[in-house]
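In the two complexes below, chain A is the common chain; its partner is chain B in one and chain C in the other.
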Partner chain A sequence: MGRSRVLDHSKIRAILPHGHPMVLVDQVISLKLGASIIGIKAITGSEPCYHSLPQGLGPERYAYPISLLVESFGQTAAILWLESIKSFNQDLDRVLMFTSVRNLRIEGQAFPGNILRHVVRLDNIVGDNVFVEGETWVEDRQIAIIESMIAAVRPRSVVIEYATPSGAGMPRDLDDTATDMRFLSSRQWLARSENSPSPRASRKEEKSSST
Partner chain B sequence: MIASVGREDMEDIIVNDSLRFAAPFRCVEHIRIVNCEDGLTLHATKVIDPTDPYLSGHFPDLTIFPGVFIIESLCQTVTLALGELEGLLPQIATLRSVRFLAPLFPGNRMTMRATIGPLSVKKTFEVDAQCQRNDGVMVARLKVKFRYGEIARA
Partner chain C sequence: MSQGLEELRKIVAEVLELEPEEIADTGDFVEEYGADSMRAIEILSRIEKKYRVEIPQKELPQMQTLLSVYNVMTRYAGWQE
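Then we have the complex of A and B:
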């Protein structure tokens, strides 16, 4: 279908519309046009997301933010799509807008020093929508599974028009979905699980308190 | 703005201090925790500031608040409002469904309303959130499963 090649960071900067420090793909180690891509992102403690952390926090507080992980995966997908349409001589005055995610499961965390490896597969193109799926790895640990991420292809001019505050035709309903929640405060909400656990949970607690 | 339904109480959090967990930047400025018979709801606001870290790169010629930072905003709102359980913070377990409907630009005020579902025995809970721009346009809908605790490593 396509041929494998490697993209270095200078090529990635030329492909993506993003600028520093929002370029969250360092390298592409596999690219099969119209099919799949493997993108690499090295996490370092000098990134802006670690800038304002006070001293003395536990290691878990240094987990790489999920928002940036999803962005990094999405940019890898964008490179695949942008390179693929280039090869098919498609209309280039279009941009890819991240429109939705379905069932993105977080299975692990990444920390400074880790290298993220995003494996992205082009699933489908339906009308103006591009569907991708894939996983994110750190060495042999799978830390995220992305069932479906959808981007919409839009003419560049339409995106700029969104800047006008008319917002015509956008959904406005703020109706609550039905809930059966019956608790009073966030602290009581937390205490609820500790004070009235199910029989299964209390057995677990007994076990752990005896150790 | 907030429906008055009898027995309800509120608590306001103004987010001024540095966050105590890694985050792109403060993606929420004010949180109102509303407790009423219908359950626990969080109302959060954020004015889009083009000088916030990362935004200079999204994009160099036109600032658009990245959709993933709406996810970040929900994550921070939930974390700051609910706080620790047994020393651990809530974290995203599954993005069940996230839809970005319209963009946010510098100067726009984002208002988020998130309803918090009950905590399960596995220390997970479901959050249903909607975000609006100050002109009333819906910008995002999110259904996210959170969990407290360490994530098992493969």
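Then we have the complex of A and C:
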């Protein structure tokens, strides 16, 4: 503890269970085990979230999605926890699952070309649950404040059982609601959003039909 | 007892997203206020932070009402019964 470490992208890929393109942390510039972390995420126009946008949209339509910003923050927090328990020689056969955020305030937007800086502090650990807090910055602008994010630590075997590609064995309510932010289901979420019409596109249709 | 109890009522109300006066001393968090297990863990975490005490997770099943949370505090934080 006390000494700060840095992690390059290859190390982040080895730490997080996510695969491309859902790894939303590029670099860690400061890691204090059991205490805090600063994660970096560069936003580019070639990311999947901008893939199917039609031509001719205004600049505000390229704001980085809040859901991905929170996911990126959560992954930064996950690195802090995973590296911390590794250093304490604890059981690594467990994964973190995002469960909730309390008092999230969005105070600005980020766009392709911006670099997100997530400053995350470990707040408390209660049994198998981790509490973190922090802020997201773009240069000197604070764009998000997360007063409390909670993740549940569960055995890897239990999570994998529910996250099979077909979704077999997954309780219906889990499958249908809020799966986009759960770490291991991000691929399922991507597959689903590619198959269904883009919400952005449908919103545009609504708008044009009403005018 | 009253000051501690009122502070706890405020914490519980914040987590359950209710007004403090809506939380009765013996109202069941799950049955009456729609709480789930994560809410109970949040309540425990906030209490630990505010009062700098450590409450074992095995106490969670007992922390179902404001009064039972108070009773846990009498055992782990030396509060008066």
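Note that the second predicted complex is superposed on the first by the 158 of 211 C-alpha atoms of A that agree within 3 Å, B and C clash if a C-alpha of one lies under 4 Å from a C-alpha of the other, contacts with A are read in each partner's own complex, and residues count from 1 in each chain.
The rule we apply is simple: contacts are C-beta pairs under 8 Å (C-beta built on N, C-alpha and C of every residue); 3 or more make two chains touch, one makes a residue touch a chain.
Here the structure is a predicted model, which is why all the values come from computation and not from measurement.
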{"item": "Partner chain(s) touched by A:99 [first = chain B, second = chain C, both, neither]", "value": "both"}
{"item": "First, second, both or neither for A:127, with chain B first and chain C second", "value": "second"}
{"item": "Which superposed partner A:142 touches (first chain B, second chain C, both, neither)", "value": "first"}
{"item": "Which superposed partner A:86 touches (first chain B, second chain C, both, neither)", "value": "neither"}
{"item": "Which superposed partner A:57 touches (first chain B, second chain C, both, neither)", "value": "first"}
{"item": "First, second, both or neither for A:18, with chain B first and chain C second", "value": "first"}
{"item": "Chain touching more of chain A, residue-wise (chain B, chain C)", "value": "B"}
{"item": "Interface residues of chain A shared between complexes with chain B and chain C", "value": "99-100, 102"}
{"item": "Chain A-touching residues of chain C, taken from the complex the two chains share", "value": "38, 41-42, 44-45, 48-49, 57, 60"}
{"item": "Chain B contact footprint on chain A (complex, rising order)", "value": "17-23, 48-54, 57, 60-68, 70-71, 74, 97-109, 140-143, 159-160, 162-163, 165-167, 170-174, 176-177, 179, 181-186, 189-190, 192-194, 197-198, 200-201"}
{"item": "Complex contact set, residues of chain B against chain A", "value": "9, 11, 18-25, 33, 35, 37-40, 53-60, 62, 66-69, 71-72, 75, 81-83, 85, 88-89, 91-103, 105, 113, 115-121, 123, 128, 130, 132-133, 135-138, 150-154"}
{"item": "Touching residues on chain A, where the partner in the complex is chain C", "value": "99-100, 102, 123-124, 126-129, 131, 148, 150, 152"}
